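Listed below are the structures to be examined.
Each of the two complexes below includes chain A, the first together with chain B, the second together with chain C.
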Partner chain A sequence: MSVQIPPTLSAETVREISEDRNEPEWLLEARLDAFEALDDVALPDVIQTPGRRWTNLEALDFENLVDPLNQSDETERVSAEGATVLSFVDALDEHEDLIKEYFGSVVPADTNYLTALSAALFTTGTFIYVPEGVDAEDVKIRAEMNSQTLFSHTLVVTEESSSATILESIESGDDVDGDRYFSNIVEVVAGENSYVQFGSLQNLNEDTYHYTLKRGDTDTYSTINWIEGNIGSRLTRSDVETTLNGDGSETKIVGAFFGHDDQHLDVNARVWHQAEHTTADLVTRGVLDDEARSVYEGVQDVGVDAWNTSSYQRENTLMLSDESEADASPKLIIHNHDTEASHSATVGQVDAEEMFYMTSRAIDPQTARNMLVEGFFVPVLEEIEVDEFRNDLEELVQARLN
Partner chain B sequence: MATLEIKNLHAEVADEDGETILRGVDLEVNSGEIHALMGPNGSGKSTTAKIIAGHPAYRVTDGDIILHLDEDDLADIDEDLDEEDYRWSLLELEPNERAALGIFLGFQYPAEIEGVTMTNFLRQALNAKLGERQELFEDEDEDAEEEEAGYETSPMEGPVDDGEVGVAEFQQLLKEKMELLDMDEKFARRYLNAGFSGGEKKQNEVLQAAILEPSIAVLDEIDSGLDIDRLQDVSEGINALRDEQGTGILQITHYQRILDYVEPDHVHIMLDGRIVKSGDASLASQLEDKGYDWVREEVYETA
Partner chain C sequence: MSSEEHLKQTDTEARFEFKKEQKSAFQAEKGLNEETIRVISEDKDEPEWMLQRRLRALKHFQNMPMPTGWPEAPDLSEVDVDAIVPYIRPDVDVRGGVDDWRDLPDEIKDTFDKLGIPEAEKNALSGVGAQYESEIVYQNMQEQWQEKGVVFCDMDKAVQEHEEIVKEYFMTKCVPPSDNKFAALHGAIWSGGSFVYVPEDVTVNMPIQAYFRMNSEGMGQFEHTLIIAEKGSEVHYIEGCSAPKYSAFNLHSGGVEVFVKEDAHVQYSTVQNWSKNTYNLNTKRAIVEKNGRMEWISGSMGSKATMLYPASILKGRGASDNHITIAFAGKGQNIDTGAKVYHNAPETKSTIESKSISKDGGRTNYRGLVHIADGAYNSSTAVECDALMFDNESTSDTMPYMEINESRVDVAHEATVGKIGDEDIFYLQSRGLDDDDAKQMIVSGFIEPITEELPIEYAVELNRLVELEMEGSLG
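Now for the complex of A and B:
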């Protein structure tokens, strides 16, 4: 089902954004194509269980949420020696060829309605380029959203045998009346034998609707590891995906979320095994308090040619309140029998025996519960390579507990 | 000297069916004494242990559990003490409050807790005990400032906050106690019981008792699943609790074996939710020879 284009949007809006930024003609054309595509593409699929559609994206009021000409952000970028870390618009001056080659190559604009909207309207984002053999450690992108609407597009390109560890953090800056919309598209193109860890920590204020699609393509022997942390927002729809196109390539998709109040978190991890000897490990841990809701879909898709595949998936949701709700569906689709795979999901409350064990050692129930929740996130924290990111996530978890 | 006094304790499972488990348990354990509680499966030994510690799965329907304390037990308390500060009905207290007063339960099946290191957990527990003790003896103007002690430490890197016992001091203490139990130092950095063998878990229970220095320790089948070396280590740990800290021990066991290393002052036999026979160490040997049927016949024929 397609969505009406908000009457406030037109091809003129798109031209204006592109011209303001002095973009090359090909990028304007790409934006206009994306705008055209809005008529034909649908919103992302959402999980449905009997009698229930978990995330109602149709109900989003795009007419009021999307204010494309007043987008504003303040983004601090910390590079690493030998690597390029620039705002998308600045990067066009230095690396237009690379951007032209890879923009939209991993997440085509017409993937869905929301990606098309992003490609047509994005004004911020980061281009990260790591040349052959360079190790770019602790690249940091700290973004503050200051407007009602913000569309961000980030592109990461790593050349052969290079590596990058990246932290992206997203927060709300200036206050704005009413609901807000933040869109974050990330594409990772990992060259042969390169390594990328892309960590994202979203802590937007709770008037903000948040959509993110992060997708990577691996070349031979390359690795893409994602860490996806969602703490803020009113509603989050997060899709983190890797296509394992290169023989011997690997991915980890590690997720953490902690919802409270009336937050709604729709979190998805997907991997497509398309080559031989590929490995995927999907680990998501989420906590829900108050009336928060979460819905998780994990997909491991093993293609016909994916010989000798290893693919693992675990999702655990911990509910701290009787009013919170969660649904989880881990899916395993196997088209090649030469596969070792596992998948599991659990939804449960804090274990009563663990609580009794801890309180029997004099620890008060509140502290015991908090220790268990923090411990629950440790498998995620252990995966994080950028120290600052790990500390930030720990602090946000602790702040929510107290 | 502390005394744990269990009086006419009746209890059932706290669910709809409410199956009765304890039918009038009477037992007294003093500091410095070692008691063995024996009995066949299902007789109510473990339930007794869990109820002493305050397990929510059981409902006490009659009787009481009193902890009597004296000046020595409360030497660390800064408050003026009233008569009632020396006598506590455990049934009115939460599990963490009971622990703060000096009750320790060594679990038959200790919980495995990922993501919480031994060091972090034990220091948290020790500081919680010291803090909660002061609170329990404070005067009644309690709800004036019900401040929740915020837990502000990293589960991975260990606490950096205050607490009465600091990190360095605690690590020294932990090291000493681990050496006593012949435990490898690396345990301190592992997650609580996660992936521990059965024997390692039991050693860890005794270690925790050694650190928390309880007045009364109830050890639920601490000896099951131990090889001979570990049984000796664990036994040494239990004897040290009694000899060095004056802890009163209530040791629940099926087997005579551990009693060769931890010699009990008193042996009690439990059948069908009551203690039916008590005696000295020789009772355990008699039991080993004659079995529970002997006790059963004796008890029910005289009855």
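Now for the complex of A and C:
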């Protein structure tokens, strides 16, 4: 089933965006192809159980959410020595060949309706390139969304034996009346024996509908580690995925979310083991307060050629309120028997014994609960290599608790 | 034959594989339409309301989609309901089942002798029902249970003799035909099965068993089982099933409804060994009242494709559920099974333990749903799935779904998948076992949590079936 294209959109809109930015012909063609694809592709898959649909993406009113010609953002980028960190537009001047080679190679535009919309309409994003042997530490992208709609496309390419630790933070800047839509597509191409940590912290205001697909592709012996923090937005659909294409490659997908009020957070972590001796570790921790609802799908897919695979998944949800709801589906799809795979998921309240211990030490119950929630996020915080990111996430969690 | 001799004879394929010449008293045309259903209902001399229910179910069947689009679901494209014979009444004198095996025609008696049913009845059971094709041919229960008011009879007979109860419970509150396409099919064309009624405070201390046998090629079996366990009662129901293998597909689409009243306890055990041309698409569900307990134990060894997710609706405070399932998929098999539990009341508890083995290109999938409703506080659920894979042609999927609407709960899910341990095999080999025996022993250990829940005769039976699967000598 495909979705109607909003009447406010046409091929002309797409041309206008591309021409405004003086883009090369091939990129305009790619955008137009993506626009054409809108007719044929469906919204991202959503889990359905008898009588229930876990996230209702059909309700997104693209006609009112998508205002492609007035996109505006303010993005600050901090590079590291020897690496290239540029806005997508500027990068086209310097690295057109690389962008042409890798744009859409990990997330093809016709993956789904929302990726096609993004490829046709994106106006911002970052290109990060780390040459062979270079270690790019503490690369930072701080983006502020100032318009009703914003489509961002980020591409990370690391050459052989290089490394990069990247923090991306997304917030709302100028106030805009009505509902907003933020789309964030990230592609990571990790070269042989390279290492990428891509951390993303989303704290958009609560009128914003947020879609993100972050996907990486590993070469031999390379590692892609994702850290995905979702605090803000009205509704988030987040898909963080790695395809382990190289022998001996690894990935970690670490997620943290904290929903309150009537936020809906649909967060997903997926890994495809396609080569030999690959390892994956998926860790997601989330807290729900008020009437917030979380949806989680974790997929560990072991292909027929993925000999000697190790794959682990843990998901833990803490419910602070009786009105909240947590839905989870951790999935194992195993086609190769030479595999050690496990997953676990838990849902529950703050541990009563731990509360008792804390209160018996004369800590008031509210403070005790807050400390336990902060402690709950520690396994995620420990994974973060960019200090600033860790501090930001801690602060956002504390702010939400108080 | 002593039970030991009997067990020695079980390790032959012939035990399940033998075919009997088809002799029927009545056989419906292939396919499904209103006329077929009227003919079946008339042949059974059913009351008008049952005919109307069948016809309503048929409408649902015609309007509902096939269960396609599920992630990684078995391929049902071969299942053409119009190609099967939905109803074959075996050629016996007494409808509703004789109570002496000797009164059965020789070929039917011989069938059940070979399957070891009369032997088991003598040793370990309170009662036995045996279905051949579409109807029950043998039905018996020890007198002491009859005296206590326990009813164990053929479902068709129950429609006649316990009409009021059946009318109230039959596919009304538990499994309505609108539930899914195959429940609708079942509602239209059901035949045979068991009716079990256990009065208040009666504990039936030995299991009762029903055995279902399909003999004919290209037939469909649609037995209905309705169990009502009144307040404080207890019963263990066992069903077994088998069929010889044919080249055309067979279809089994059973319906099971269990009502577990306050403080009652029902255990429902299934040893499924359909031939590997059978599509096994069942709907099984229990409604559990206050402090009641429902246990689903199932071993799925046979069938070409199985889609089966026994469900418990924990409706009353303190109700509990226990699922233990084992699936073994060999060459060409796709066993998609799991559990569904709805926690609709406070202090309800469920535990689900699933073990699966895939071998020689077989495919197993655990697909399960645990739903905890808002207000079902102090409920807990623990799900554990373990899968063992023998080779690289096989597939093992685990797909649990959890919907938690209540914070004061304890929810845990765990799953592991792995190959059979090289070290374990090495250890056993160093103790003088050969490779095959070592593997068999490891598998027996792997499924022990399930076999220990069954009476010894069935545990042995299940182990034998697994051994036969391991040798690849079945079907």
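Just so we're on the same page, the second predicted complex is superposed on the first by the 402 of 402 C-alpha atoms of A that agree within 3 Å, B and C clash if a C-alpha of one lies under 4 Å from a C-alpha of the other, contacts with A are read in each partner's own complex, and residues count from 1 in each chain.
Following the convention adopted for this analysis, a contact is a pair of C-beta atoms (placed from the backbone, for glycine too) under 8 Å apart; a residue touches a chain by one contact, two chains touch by 3 or more.
Note that this is a predicted model, so its numbers are computed, not measured.
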item: Fit or clash - chain C, chain B, common chain A; value: fit
item: Contacts of A:N22 with chain B and chain C, given as first, second, both or neither; value: neither
item: Touching partner for A:V378 - first (chain B), second (chain C), both, neither; value: first
item: Partner chain(s) touched by A:N402 [first = chain B, second = chain C, both, neither]; value: first
item: Partner chain(s) touched by A:Q4 [first = chain B, second = chain C, both, neither]; value: neither
item: First, second, both or neither for A:I334, with chain B first and chain C second; value: second
item: Contacts of A:D351 with chain B and chain C, given as first, second, both or neither; value: first
item: First (chain B), second (chain C), both or neither touched by A:T359; value: first
item: Lowest C-alpha to C-alpha distance for chain C against chain B (Å); value: 11
item: Chain B/chain C common contact set on chain A; value: none
item: Chain B partner contacts - residues on chain A that touch it in the complex; value: 351-354, 356-368, 370-372, 374-379, 381-382, 390, 394, 398, 401-402
item: Touching residues (chain side chain C, partner chain A) in the complex; value: 71-72, 369, 371, 374, 377, 387, 389-392, 394-419
item: For the chain B and chain A complex, residues of the former touching the latter; value: 53-57, 94-96, 98-100, 104-105, 107, 110-111, 113-116, 120-121, 124-126, 128-129, 132, 148-152, 154-156, 191, 208, 212
item: Residue ranges of chain A touching chain C (in the complex, touch as defined); value: 47, 49-50, 52, 304, 317, 319-349
